[in-house]
Amino acid sequence: MSGNTFGKLFSVTTFGESHGPAIGCVIDGCPPGMALSEADIQPELDRRKPGTSRHVTQRQEADRVEILSGVYEGVTTGTPIALLIRNEDQRSKDYGNIADTFRPGHADYTYWHKYGVRDPRGGGRSSARLTAPVVGAGAVAKKWLREHYGTEVLAYMSQLGDIEVPFEGWEHVHANPFFAATGDAALVARMEEAMDQLRRAGDSIGARINVVASRVPVGLGQPIYDKLDADIAYAMMGINAVKGVEIGAGFASVCQKGSEHGDELTPQGFVGNNAGGVLGGISTGQDITVSIAIKPTSSIRVPRRSIDKEGNPVMVETFGRHDPCVGIRATPIAEAMLALVLADHALMQRAQCADVRVTTPKI
Amino acid sequence: MSGNTFGKLFSVTTFGESHGPAIGCVIDGCPPGMALSEADIQPELDRRKPGTSRHVTQRQEADRVEILSGVYEGVTTGTPIALLIRNEDQRSKDYGNIADTFRPGHADYTYWHKYGVRDPRGGGRSSARLTAPVVGAGAVAKKWLREHYGTEVLAYMSQLGDIEVPFEGWEHVHANPFFAATGDAALVARMEEAMDQLRRAGDSIGARINVVASRVPVGLGQPIYDKLDADIAYAMMGINAVKGVEIGAGFASVCQKGSEHGDELTPQGFVGNNAGGVLGGISTGQDITVSIAIKPTSSIRVPRRSIDKEGNPVMVETFGRHDPCVGIRATPIAEAMLALVLADHALMQRAQCADVRVTTPKI
Amino acid sequence: MSGNTFGKLFSVTTFGESHGPAIGCVIDGCPPGMALSEADIQPELDRRKPGTSRHVTQRQEADRVEILSGVYEGVTTGTPIALLIRNEDQRSKDYGNIADTFRPGHADYTYWHKYGVRDPRGGGRSSARLTAPVVGAGAVAKKWLREHYGTEVLAYMSQLGDIEVPFEGWEHVHANPFFAATGDAALVARMEEAMDQLRRAGDSIGARINVVASRVPVGLGQPIYDKLDADIAYAMMGINAVKGVEIGAGFASVCQKGSEHGDELTPQGFVGNNAGGVLGGISTGQDITVSIAIKPTSSIRVPRRSIDKEGNPVMVETFGRHDPCVGIRATPIAEAMLALVLADHALMQRAQCADVRVTTPKI
Amino acid sequence: MSGNTFGKLFSVTTFGESHGPAIGCVIDGCPPGMALSEADIQPELDRRKPGTSRHVTQRQEADRVEILSGVYEGVTTGTPIALLIRNEDQRSKDYGNIADTFRPGHADYTYWHKYGVRDPRGGGRSSARLTAPVVGAGAVAKKWLREHYGTEVLAYMSQLGDIEVPFEGWEHVHANPFFAATGDAALVARMEEAMDQLRRAGDSIGARINVVASRVPVGLGQPIYDKLDADIAYAMMGINAVKGVEIGAGFASVCQKGSEHGDELTPQGFVGNNAGGVLGGISTGQDITVSIAIKPTSSIRVPRRSIDKEGNPVMVETFGRHDPCVGIRATPIAEAMLALVLADHALMQRAQCADVRVTTPKI
């Protein structure tokens, strides 16, 4: 409960720093009897890992996952599943004045004031690298959800800076380096050019990611506090660099009338999904639709004003291998977080409402 | 942990339904030695209660709070503080076909499918009335924060439907029925007219609320998962009708460059607050700034298509006393939720980092 | 999580002090669809309440329970069930020097040092009176267990001071004022005489209580940390005045050989129950057998040495209505705690292992 | 919260099985700024490890601990500390019929029925080997307690089967293979002879361990539910093979009068410690004294009746390297668990009562 555990029944506790010996997590609560091996997890990690295109950091990390426990003869036993990823890129390097100054927009400042000590190597625990164990845990949650409910969780980039990218189909997502759901080659080229310019300028940019879960069981979520949408917001805002979260119509709801927003029902199902698949904190059975805002990374080459630990003014430039748009690698992370929330609530629903049988046809 | 408890160290467990005998909460973890009486709590409840203007529901509820425990001779003892609010308006009324049908955009549908049973009286537990105990608990958190850190948490309505309301100063917030931070009488008149039209039309509208916490200690928040901003997102999305949450620059971050977004530091302090007072999940000591989207209420007189429990098509109209814009009464709720998050993290910070003394001058 | 909540999925949060306005609890996680009314709870409270014989405190409290929420038309809705018991005996009385001194063996001393403030009225929160809400919550858990598994939880006094009382059958438990499972009138008379002597001497005595749960499902308990027996030990040691807990053979295991202790299995079932129904932290399906040691109450008339708040030596005598043996009223409390542990683990088992179907015939 | 996490603020999540790739734990909540290296942890593990005398299992395991995270330049950073211990003894061996039968007194039976799958290699997760990570985590807690309060936690064996061993001083504990606090060579010889006989007979025996924490701050513990003694009972009963827990006078309290049990206070301090250092669930500042009963191990060579997975009768003998008395290696485990409970409550106390200043001289 000291902050590094996510979830109540299907829970994940992570550990590690960017340049320490290893990073990893312990997944507690995955039900027994599910086939599981590293082959279920590694592909998800590979989607997140650096170096997949020139638009993301070129840091070389194999990010090879090892299952340390909780699986016997290829099947989960119901005991904790520990995942370990050794850090290969631990070389001691020149951090310049990073260790003694604070990068604008970076957690340097707050870690120092909170803990009185910080690990400056690659951002330490605040590094986006720490999303790797989460992606690993999410792979386990995804598999369990798929096997039990047919649930699928998928994400795509819907906006890169001011370039909005319409959704044209899931088949496009892995056919471009941005995980955008478009087949429009000109649009992709525009994105590539924007990224190349940024890289040359040593600057970075924000992005918007959409996440969708389909075939979600109806009834997930607790009506007050642990609402499904509240837990989704918690999960999403907890991803590095996220500054905003929307469910369903999101901020567009502000300008909607009730007669427009409330999704009507017919015997054939809901008409529209302004709710984003959640009403009163509980899943409706429709697609869960989430949209998140990712800020531009703070580690840039553009010189910026800051202070050092003594409070003296300094200029800070961050050299090294960084992502001009951290949003690009965020799609598997967002999927993982949503999957973990759903698996957690699915177990909670089994605990509390295992005996419920309603008469209404589920639509 | 079954969903009805909010917070870990400064925690609130609520109970009750809109038209049951009573609603209330148990506040666990409020430190001992603080002066506390109903007079500290009642004014906050009065701000939230119905009937304060023609623009909110006319339901008559005194919402008189009683402290049942945890206070001895006017001082908190460190034991649980139970708050009780008796429901006065329990009269049996004609719910028409509400009990057997599902209002579009309402939790009716999901409660029924989750629990197989539901309390249709005034929305039961999904009623916005259940925010009253939260406001009560928030008053206790606010007082504790104020006494220990000088922290203040304030909210205002920044948008009503498509009417944007600029922030012109806190002194205006209680001088108009919308809790808007404007002294522009023409703008307020425009809002009143918009509301009157809606009420006549039997329709409802969304709103945007901004919440600001000032004089927040630096160092609150756990870097992974229980980040301060993640917990704020959880708290805000958990408020009835909220569909979106932003911290700092929020969704505007998507179009920002890193050289623009990252708030520079000087010996005199931060230059700008795109971060919204949180970096790496930890408070910077700047103002915490949050913005939330509130959907239009689903209980409207405009007839809408729905189904009944057997899945047959029906038309639904909701008569009775309802809020054309639930956002109007949401400011004290948003303040309460943010105060509860801050108090919780402040206690956590005392637990973990009580010995930390950094050399940097806090700015 | 600040200490006043018991259980994870079937959880109870209590509040109140002995002489404050009210005591009560919030039960969170009771599944929906179970018939429930005050009539299910009141009889359990009546067993615990004072004044049932001359051997217990003569304080007059009706201990009338009111269900405030979570039940609609006589059926649980899956939302929190709040129980309220008003304190009738709040008369201001002369506490003599109790408020400024510390009774030997009493929580006076520790409350004062922990909180810096304490409620001396009747022991405040440390009063045994605070077990009343627990008994109420236990009644709900008992009913749920009975309906779902046929589980019964029963307790009896097996020792009063140095008088050991053999188990002769459950039918005797309510036929004597000590809840002893004996039909031996001479033995009961011996107990009555011992109690009368104590009362005249203004002294108190300890007791041993045995608790048995029968028809417990196999598979309850988490193998490390949240073992069923660990949670039972936590629950039992948490009852006021308990100083020791045994499961199964308990301390007798120290002198046993492995060939003697390990309960053999045959196709007809286990041979013996040294395990007390728990192996490796998980229920075997046999009876859960627990034994607890209850210390003599510290509130006695015999003068004792102590100090006051300034550290000066004083003599302390406690006048008023007290129990010469708090063990007498402890049987419903021990039953309630065991029932709550079992209900909690039963829900956890549904969450995690709902799909498990083993081939071995359950014995 | 799925059972494999211990503690709330200073928490430990363990993972691993006896013969899987590795075992370990994640310690979350250890405050920043404490010097820490493997050298602080390894000695505690070495006390617990097998093969230290002929009286314990001869399994060869180096039990070499590696710190994976949470420490930078030899100092804790406030982030999770992961400990990893690779299993060296993973050789595939002949488990005979263990995988298909149930050892009397062993968790085989319950794991199978709970999970429908089990890892039979060396007991899998139910192995006493899983106490190694706990001992590692306990070493961290011990160091923190020592540095902050001077607290020391020590244990000794006070009874081996029916041989009672009086406490004669801590200096004796590491001078005999039983961790007994006696300098009586004849008594030790009697214990050795008893053990040699048992080993020859292929049988096992129980033991009693006493644990003492000295220089404990006053005020640790929450008065209802998370009482210090309740959490100690939970911690102790959760150790493999423990069947009973006593605090202070324990079961002897049953026969005590109130005038005898309640520890008097004088300006110089408490007179006696029947309370075992806890009153009303809160520490008094005296020594915390705990005693636990450890059952004889169930893995013995003596043939015993059991059944196989199909329910057929079988005879079971357990060959291999086992402990004739698991109590011998239990002292570091009991110390670790008590240290973890105290560290957890110490952090909670800082959170809730950081401002409390009482006037009474602490005695």
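Letters A, B, C and D mark the chains as written, and numbering starts fresh at 1 in each.
Just so it is clear, a residue touches a chain if its C-beta (ideal position, glycine included) is under 8 Å from a C-beta of that chain, and two chains touch if they have at least 3 such contacts.
Since we're looking at a predicted model, the values are computed, not measured.
Visitor: Could you see whether A-C or B-C has the larger number of C-beta contact pairs?
Guide: B-C
Visitor: Please indicate which chain is farthest from chain A, where distance is taken between mean Cα coordinates of the chains.
Guide: Farthest chain from chain A, going by C-alpha centroids: C.
Visitor: With chain centres taken as the means of their Cα atoms, state the distance from chain C to chain D in Å.
Guide: Here the centre of chain D sits 26 Å away from the centre of chain C.
Visitor: Could you state the distance in Å from the CA-based centre of chain A to that of chain C?
Guide: Measuring from centre to centre gives 45 Å for this pair.
Visitor: Taking the mean of the C-alpha atoms as each chain's centre, how many Å separate chain B from chain C?
Guide: Roughly 38 Å, centre to centre.
Visitor: So which stretches of chain A touch two or more other chains?
Guide: Answer for chain A, listing residues that touch two or more other chains: 1-5, 8-9, 14, 29, 32-33, 78-79, 114-116, 125, 223, 348, 352-353, 356.
Visitor: So in the complex, the part of chain A that touches chain B is made up of which residues?
Guide: The contact residues of chain A facing chain B are 1-6, 8, 14, 102-107, 109-116, 125-126, 130, 159, 161-162, 198, 203-208, 218-219, 221-227, 229-238, 240, 243-267, 271, 274-276, 278-285, 293-300, 302, 304-307, 309-313, 348-349, 352-353, 356-363.
Visitor: Taking the touch rule as given, give the residues of chain D at its contact with chain B in the complex, in rising order.
Guide: Within the complex, chain D touches chain B at residues 1, 8-9, 29, 31-33, 78-79, 223, 347-348, 350-356.
Visitor: Using the touch definition from the top, list the residues of chain C that touch chain B in their complex.
Guide: Contacts found on chain C: 1-5, 8-11, 13-17, 20-24, 26, 28-29, 32-33, 66-70, 72, 75-82, 84, 114-119, 121, 124-125.
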